[in-house]
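Across the two complexes that follow, subunit A remains constant while its partner is subunit B and subsequently subunit C.
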Partner chain A sequence: MKILLVCAAGMSTSLVVEKMKKAVKPEYGEVVIDAVPVDRFEEVVKDYDVVLLGPQIRYKKKDFEKITGEFGIPLEVINPTDYGMVRGDKILEQALKLTQK
Partner chain B sequence: MNFSERLNSVLENYLLPVAGLIANQRHLKSMRDGLIYTIPFTIMGGLVLIVANPPIAKDVLPSNFFLKFMVAWRDWAAANAYAIQLPFKMTMGIMALFVVIGVAYSLARSYKMDTLSASTIAVATFLIVAAPIKDGNIPAGYIDAKGIFTAVIIGLGSVEITRFLKSRNITIKMPEGVPPAVTSSFDALIPLGVNVLFFYFVSLVVQKLSGMIVPQAIMTILAPAIKVVDSAPAIFLAATLAQLFWFVGIHGASIVKTGLLQPFLDQNILANAEAVLSGNSLPYVFTNPFWAYFMVLGGSGATLGFTLMCVRSKSKQLNALGKVALLPALFNINEPIIFGTPMVLNPIMFIPFVFVQGINGVIAFYLTKLNFVNAAFINVPWTTPAPIGAFLATMDWRAIILVFALLILDMVLYYPFFKIYEKQLIEQEGEEEGIQEEVV
Partner chain C sequence: MKRIDTVYETIKELCDKQLMKGKCTGVSAYEVAKLLNLQRTNVSADLNKLCKEGKLIKIEGKPVLFRINNGFKENVNQNNLLSEEFNNLIGYDASLKGPILAAQAAILYPPRGLNTLIVGETGVGKSMFAELMYRYAKKIGRISPDGEFITFNCADYANNPQLLISQLFGVKKGAYTGADRDRDGLVAKADGGILFLDEVHRLPPEGQEMLFTLMDKGIYKALGEVDNTRKANVLIICATTENPESALLKTFIRRIPVLIKLPPLRERTLKERYELLKFFLKNEATRIGRYIIVSANALKSLLLYDCTNNVGGLKSDIQLACARAFLTSTMKGLSSVELRSADLPEYVRIALRYVNGKEAQLREMGIGENEIIFKGNETIEVTPSTNIENEPSIYDMIDNKRKELIEKGLSSEEINFLIGVDINSYFRRFIGRFDSINNDELYKIVDKQLVETVRSFLSEASKNLDRLFASKTFFGLCIHLSSTMERMKKGLPIVNYQLEEIQKSHPEEYKEALKLKDMIKQEWDIELPDDEVGYIAMFLTLEDTIDENTHVGVVVAMHGSSTASSMVDVVNKLLGVSHAKGYDMPLDQKPEEALLRLKDLIMSVNNGKGVILLYDMGSFGMMGDVIYEETGIPIRSMDMVSTPIALEATRKALFNTTLDEVFDGLKLASGYDSRIQLDVRREKSSQNSIILSVCATGLGSAVKLKNYVEDRIDLRGIEILPLGVTNKKVFVNEIKNIKDNREIIAVIGSINPGLYDIPFFSAADIFRKERLSELQYFIDSSCFKNDIYKNMEDVLEKEMVLYDVTFLIQEIKTIIITIGEVMNRKIDDDTSVGIILHIACLVERMLKDSSYHNTMKEDVKKRVIQGNEEIYEKFQGIFNPIEEHYNIKIGEDEILYLMDIILQV
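Take a look at the complex of A and B:
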């Protein structure tokens, strides 16, 4: 399972990624989590199973959904409160739920 | 509808589409991406400037060990000025050349056109317009800061012309039987020819009419705009707009600053760097480091002071947040504060969150203008902690004092709102605990 997080510069999201990695449990299987800045989204997106956007770039959602739609990759904006408190476990759950839909 | 819901619907209905428009508009995006490519060059040039300009006055004498070192450095830098400055002159000193490559590349990539030929065509076109060769030398006078706007225009314009020719299928027609590889090797010929001739013609007309070459003319036209951007009202307005975006939870700086003002800020800092090398006074105040270290102190909204107060807060939520947010805040990253407090759509925090950053900007602007602190002339990565970044960008120790003074001011400005919000949270937390105890 490969999760992609996107934010403006990839800085704050990399903080979230660290916390998410710590929340990974063995029963989830192999989980890869990466953070990229918004301008690299198009290059890398097709290699991932699920995409989460930082809430600060949610104006990109429609645009990005056109691309993820082509590949059938689910995409959601991260819950702002979880993002703010850097709750890696909650955000990881959000990603896992998305793939199960 | 309560206050925050109403604000939410108003701002989201108006600001979100605007944000999307600026963020997704192809030419603005290509300009932005093109300028981002040039950041390593400005940092490289900045490092050279640090070596070339030790932070010590010309008249200081070597009275102790530290000063001996500084004076030796100063004298060495003066004696070897040409050799030391050359890497600067070949990076930041010809910045517009990298800008034209970056912008043409980005726009061509967005159209899925051949990026290499787009960049090379743009360079040739740009040089014809901005640096006509004379006596075997390419003059560098307008491929520095003064050429940045021209570089953006030519980068975008030349790719658009090429795309127009392609869309009208204007290419060299080869007779049947000519191998396709041969035909495609001629593909770049017509766009190159048309671009060069078109811009050469424009250049000749401009020279004939105005007596100026194109970048000179463009800078003359843009001079009022450049002047307006480098002013206290513009700084305050930019900060407030960016924070209004942030208040509804969208990345305001990437829209207002990086999205629209970037070429101005780049132009300003390059012109400052060149002024330092030629020993002139620094012409501009508003630059990237100015924004990063004086205005968005601790992240958008100037929240470092607020973060420090959170660390010591009696509210469990703010206290937990402060601990998560403090370290990133030292590197000017504050999404935890923005979404964790939350600042977003929080009516109590609206006033400080939207206006403090602009207040910082106005104060720092006038202090710079009055020479209490040097203007920035070195581009430093924005994630450098503010006191260090401000010092490196200005090579002036007084910038460190300014950072701390602004930090204290921000704490004072945030304090009343922080207190109201904290009290509210503590009450809520008390209620929740009460409920839990009853359940137990």
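Take a look at the complex of A and C:
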């Protein structure tokens, strides 16, 4: 399972990524979580199973979906409250649920 | 003149003479017999007969005397004339008024009525009219009770006069070869009754001659009869389509005193024609056994087309159209018959072009753009705006869906599942349609008895289930049941794919529904199958059961023995309602007692939307708070009530407004804001989120649960409200009330309200650590938005190694406000959170590695700056305070990243 987080400069998501990594449990299997800035999204996206966007760049969702759609990669904006509270566990949960849909 | 009539006339004459001398003493049989030169015994018999008929009064004595009974009114009385035979005729008071009067006169004319000729075009209803005359004659006793109505169509034998005569007048044995016995004709059969000769202009000359003799003298000869004549007392009614001025008929008219002309359809009024249409359509509906829904255009065409064959033609055209409509509707699988323009013959259909200029007249008759429904049982349905009948019943929906799925080749298991899913959504749609109909419309569609049965059933169920039912549930159930019963009469199957599910998950409702089954069994002897009981139960479980038309209650409470009630009286009278209620507090009443009474009043007034309490002064406002505490009924209080304010409050409440809308409106109307009065409760409750701790066993355990939770999680100031409720329904209602004012974060305890938007934690959950932290999460999330800066500060403090978080958050807040000013818009919370997190992470990163900086790609850079140079300019130096405080140098490109976020939102 490879999760990609995208935010403005890849800055804020790096904190979130850390928290998410801490929430990974053995039963989830091998989980890779990376964060990239908006402008690098296109070049890396196809290597991932699921994409989460930072709430501050939710306006990108439509454009990005055109790309992820081609690869069949699910994409969602991170729940803003979870993001603000840096709830890595909840965000990880969101990502896992998304891949199960 | 018959002897008896002569006797009567004589008596009448003698009595009149006596009366002129002073007093009518009476006449003896002897006097009359002498005067008329008749046998006394015969006169006696006649006199006794006249007494029996009520025309004379017998005065006992010696000799027996007779006198005229002045109280006796001959049948020739106007009141008796209005026979229902004729009054049922469409147009009896308009275009057929003249013909009916003439017909009645003809029948009434003594002693036996007058022979009559009816003239009119094909299909105007001559035969029917003649038959009505017969019925009328029979009813008033003008012809004997066993007198028959014999119809003879002269056209049938026009080419064979011999046969015609034999048919009419009978045959003498040996009149011709094969006439081996005497045979009576129709005239003999009609003796004492009426002989109706249709198409009389086709009667050959021989026949005419014989007919005239019969008319003139009451005698005739059978075919082959030479010397013997026969007598017949026959009233003759003839009918013809010919112009009565034609040579043939002139001889007739000389002998037939009464000529009745029946008007052609084109000369009758539009209204009459519509009545005829309705009559025929209803007959067809009865015949088919279904509703007939006629489109407005089809109806207009039928009203306006040139119907050459008059009423008869109209009838057959309607029958033909109904037959076609029946076919197409059946093929479409509709339960009713839909008659559209397309079902009409072309010459009917094109009549729609005559509609110009007749719209107003049509509308007056109730024909606009809506379909009109015809039912068998004498009623006609004019649907106003919604066409309820058109909506397929649940069963139609299932049947159609089923067919569709079978065609798609699904297995029956899959089909059952899919239909089960559909039923629920269908149910909602079905119910949703009945928002706007009223009782009157309902009665047009559903048998009144059934409506009443459903009404009493629901009121009982409402008590037992402790639930209010919306009017649409009521209407929906009525209409549903009505269609179910029709369906059962036709022997169609009743299937509910969700029956098991309903029985399992709604046992209470199912139990109630069984009661309706019993009621219907009792009243109609119809045994509803369990599947149907399941549907009824579904109606009972429909959410949104609080009647949406309930209003905020209005209570005026004032000091003085009648101050409040008279103010309320004025308000109600002005608005034509009885919505506002008054509470008079006599000056000597103790506050405790006033509180109790006011509480009772408020509880009775509240129907779920809360109560506006308007009062004059003093402690009433506080009482409102106390009553809220005790009952949970939301109350908004306002002092210094005046009639205009009470008026405004009631008026507003009668609209479908919420308590706060009424209250806010009042504040505006009264300038209330400028006064110090503040609704403390409202302020407190609108801000606070709440957790409900609920136990069915009582308040005690709810409080314990509350304490347990308070000890273990950080409530962030959120209140836990303990509630002791007996069942789920009460609880859901309670939740409804609370939700008006407060956000319910979660429910903990023993009763799960099962609401989609409120998480539930059972008592057992609370003892599990992960569930407890889940509850904590809901609390945190709920609080987070209240003050994002404060909460972000907590988060950052906890999650990051960064120092001086308070300072940083303040600075970021300033930056966000500055951005808002530059962009001239408010930066939303989600974006703000993103910015806070972004800057905080940046600062932390730079504190770890002062040389770190982000580089934006050149093309992105260009895109961001282009056209936004001014903003870029204004953002320069925006990070200065942070840079100084932490002694770092934030790169140029960071402003661009910030702009990228802001500009694109």
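Convention: the second predicted complex is superposed on the first by the 101 of 101 C-alpha atoms of A that agree within 3 Å, B and C clash if a C-alpha of one lies under 4 Å from a C-alpha of the other, contacts with A are read in each partner's own complex, and residues count from 1 in each chain.
We take it that a contact is a pair of C-beta atoms (placed from the backbone, for glycine too) under 8 Å apart; a residue touches a chain by one contact, two chains touch by 3 or more.
Being a predicted model, the structure only gives us computed values, none of them experimental.
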Side-by-side fit of subunit B and subunit C on subunit A, or clash: clash
Touching partner for A:74 - first (subunit B), second (subunit C), both, neither: neither
Subunit B versus subunit C as contact partner of A:8, first or second or both or neither: both
Subunit B versus subunit C as contact partner of A:59, first or second or both or neither: both
Touching partner for A:90 - first (subunit B), second (subunit C), both, neither: second
Stretch of subunit B penetrating subunit C in the combined three-chain arrangement, among 147-155, 165-173, 273-281 or 381-389: 381-389
Shared subunit A surface residues [contacts with subunit B and with subunit C]: 7-9, 11-12, 15, 38-39, 54-60, 80-81, 83-86
Contacting residues of subunit B [partner subunit A, same complex]: 16, 19-20, 23-24, 33, 36, 246, 249-251, 253-254, 320-321, 324, 328, 331, 333-342, 344, 383
Parts of subunit C lying in touch with subunit A, wherever the complex brings them together: 777, 780-781, 784-785, 788, 791-792, 795, 799-800, 829-831, 833-838, 840-842, 845, 854, 856-857, 860, 894, 897-898, 900-901, 904-905
Complex contact set, residues of subunit A against subunit B: 7-9, 11-12, 15, 38-39, 54-60, 62-63, 80-81, 83-86
Complex interface listing, subunit A residues touching subunit C: 7-9, 11-12, 14-16, 19, 37-39, 54-60, 80-87, 90
